[in-house]
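This structure is in structure tokens; I'll ask about it shortly.
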Amino acid sequence: MKFPAPVTLDWMANLIDAEVLGNSTITPTGINEIHKVETGDIVFVDHPKYYNTCLQSAASVIIINSKDVTIPNGKALLYTADPFEAYLKIVDYFKPFTPSTKAISETAVIGEGSVVMPNCYIGNRVIIGNNTIIHPNVTIGDDCIIGNNVVIQAGTVIGSDAFYYNTKKNRQVWFKRMKSCGHVVIEDNVEIGAGCTIDRGVTAETRIGSGTIIDNQVHIGHDTKVGKNCLFAAQVGIAGAVVIEDGVTLWGQVGVSKTLTIGKDAVVLAQGGVPSDLEGNKVYWGTPTQEASIKRRELVWIKRIPELWKKVMEANS
Amino acid sequence: MKFPAPVTLDWMANLIDAEVLGNSTITPTGINEIHKVETGDIVFVDHPKYYNTCLQSAASVIIINSKDVTIPNGKALLYTADPFEAYLKIVDYFKPFTPSTKAISETAVIGEGSVVMPNCYIGNRVIIGNNTIIHPNVTIGDDCIIGNNVVIQAGTVIGSDAFYYNTKKNRQVWFKRMKSCGHVVIEDNVEIGAGCTIDRGVTAETRIGSGTIIDNQVHIGHDTKVGKNCLFAAQVGIAGAVVIEDGVTLWGQVGVSKTLTIGKDAVVLAQGGVPSDLEGNKVYWGTPTQEASIKRRELVWIKRIPELWKKVMEANS
Amino acid sequence: MKFPAPVTLDWMANLIDAEVLGNSTITPTGINEIHKVETGDIVFVDHPKYYNTCLQSAASVIIINSKDVTIPNGKALLYTADPFEAYLKIVDYFKPFTPSTKAISETAVIGEGSVVMPNCYIGNRVIIGNNTIIHPNVTIGDDCIIGNNVVIQAGTVIGSDAFYYNTKKNRQVWFKRMKSCGHVVIEDNVEIGAGCTIDRGVTAETRIGSGTIIDNQVHIGHDTKVGKNCLFAAQVGIAGAVVIEDGVTLWGQVGVSKTLTIGKDAVVLAQGGVPSDLEGNKVYWGTPTQEASIKRRELVWIKRIPELWKKVMEANS
């Protein structure tokens, strides 16, 4: 999330009740979580395990619960006992939860030739392009951007909050949601089926590339970036912060784990489970996915175990 | 389901056109199906295979289609030719289907600080606690109870009817639904994603324990009891009458079969299929689930079959 | 799709800017895609690979992008450079997209004793029988037909458009949707859970046979024909143009590939993946599905590989 304008560090320190260390002249331009952080951004970290990743990231300002770290040249720290609460305070300040009381927010913009069917909810500051059809009972959350010639079928939800939590098993409530201040971008000529859910970015964006087609009941997690002309069959599930390059095909019920990359024009056959990066231009199958030809040979080998057993018994007798 | 007040057996026998046998002084206080039956309850049974289970259960009164059984001490029978139809008659009497014509029923109670976004349906006698957010296009069926600080994202359905049928393959319509008269309880601090479905109890309750977080497109069956601080990733499916203890993690697309127990702090990895009870504090994988370490070793062994084959061929030559 | 009345070939040729070849006296009565084409119908084909299938099909008229074919006796061709665009033009002419601006279209017919709960969308020319309950937030698209004594639970979508595209990877947008002009028929006594999606036929119908029961979050593709008294558990996914005969049981999260047949009374156990035809009256399991008894034996054999390895090592030492 970018702020409406750069802010001074003193103002920010005051907002979150923090102490400024390092380069106090920086005027941060936004806030992002570590996967999406850019120069000018604030990031936060509350566990020593991740201190270095955050200090060495593109972030200009690090909200942190320790003074006992080396501040990289030119950067600043905002020291506070609870960086996670500080993050929530900043998000609440810039993106307070303001439910539209109308089904279609007055701040939403709907392009020429576009149709929004009955019983849809279109949130605050949503932008819908031209010649786009939003079928009934669709929900589009605040700040999402929908392109031209897009089709979104009935019951689909665009811009649900990210499933992304601060987890501490030593408190009564283990999981506290990192409030999402990101959004979803659906590019031109995308078609999305019925009953799908596409989560918004935690602090940045979830993006579906132009010309991609998505069947019913597909789930796409926060901050995932889907390329152009991809095809996802029904009931595919994709976790958060995944990169799916152009022309990828995922057949029915495929599951994709988080923060991995699937290369250009790769194909994953039905019910495959993708645990880590896949090279492009190949066909995969199984849980965990292997190249489909290897997986098929394995299934043949499994069928030969009884024969093998018999041979061994004969040889040993 | 408990009745508003205890009823006499004679009144009940008259309602369902049954004959009272045994202790006619009992005043039953409710009706429940066999998995959930408590002292004071009526239960019904129409197949000799289950006569004994029902007679020996906590039920005080058994609706049954045979007189040729031994009535346990202090209990009563309601003898009738079709116990299933009698069950339906009782449920229809105490919980007649009364669709609210308004999107938010006038008998629903919504707590302070809670927000119900546009296009939601809130059924009769629903209770929603304080500081809870119900996103757009959510459906909450009759009699469900939602706690404080709960989040329910768009398009989710709480309190759909149980998938629970009386099956007889010798009639034209094989399946007749056991009308649900149960409900759903969502405890405090629970967060539920978009496009989820949580069925009500058939006669009792489906319960989601406090602090549990649920991603998008998760299905939870009737009468399932989920503990505190559990985490269910997207597209998990849990059948009916399951017990999931505190702190359990189910990763994406895991399937859980009915009437089993998953122990405290167990973890099931993505796409696992759970056919029977799992001990707590362990990590599981595969269909059917095994401990993940065993499953991983098996995958390595499968890869060694060709090598094994070669060794046997060499030895035999 | 049948036309309101037979049309002359000249009129049709003029509509799509085509040249008539062969028997110009035919008056086509409808248009269908190749899987569903009947005598009197127009079909279209734009790839030489499928020329023969279409020419030899039941179609009376073939829209085609070549004159260099043998016209079967009594049939006619409509020659045009882009048969796919011609198809779209015909569908747009006879079934223009006309979104109802009201949540329940004035052309919808709802039978006696039926209840449509709040926040539903009922499209143009929908017919709903008697004593049917449509729960909240359901979407029923244009021209769908719902029988008597049907239950459709909350959030379900009936009649979403088919996931069926004209694919050409040498143009900027690879996928162009074949506009659906088909519909869905739900026969009597069918019960459909919450959060399901049932696509309409591309040009013909998707049909759910009487007495079939469907749990939550089930997806059924276009032109699939489901028999009577089937049972589909939660999160089952069925692709397009499948035939499922009477009495079939699919347990949770089963996936079924396209254009195959599952025989009468077959059972597929949870998470099975069906890649091709299954004979009736058997129990199947696994991905790809095998008879369950064979699959179970395989799992036992896999567990014996280490023992086998040991035997071979001992014999070779």
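In this document, chain identifiers A, B and C correspond to the written order of the chains, with residue numbering beginning at 1 in each.
What we mean here is this: a residue touches a chain if its C-beta (ideal position, glycine included) is under 8 Å from a C-beta of that chain, and two chains touch if they have at least 3 such contacts.
Fair warning: this is a prediction, and the values are worked out from it, not measured in the lab.
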Q. Which chains make contact with chain B and with chain C at once?
A. A
Q) Are the two sides of the chain A and chain B contact the same residues or different ones, given that same means over half of the numbers occur on both copies? A) different
Q: Go ahead and note the Å separation of the Cα centroids belonging to chain A and chain B.
A: 32
Q. Which chain A residues sit where two or more other chains touch them?
A. 119, 137, 155, 195, 217, 235, 253, 271, 302, 305, 308, 312, 315
Q. Considering the complex alone, what residue numbers of chain C touch chain A?
A. 97, 99-103, 119-121, 137, 139, 141, 155-157, 160-161, 163, 165, 169, 172-175, 177, 195-197, 199, 217, 219, 221, 235, 237, 239, 253, 255, 257, 271, 273, 275, 287, 298, 301-302, 304-305, 308, 311-312, 315
Q: Report the residues of chain B in contact with chain A in the complex, numbered from low to high.
A: 115, 117-119, 133, 135-137, 151, 153-155, 189, 191, 193-195, 210-211, 213, 215-217, 229, 231, 233-235, 247, 252-253, 270-271, 302-303, 305-306, 308-309, 312, 315-316
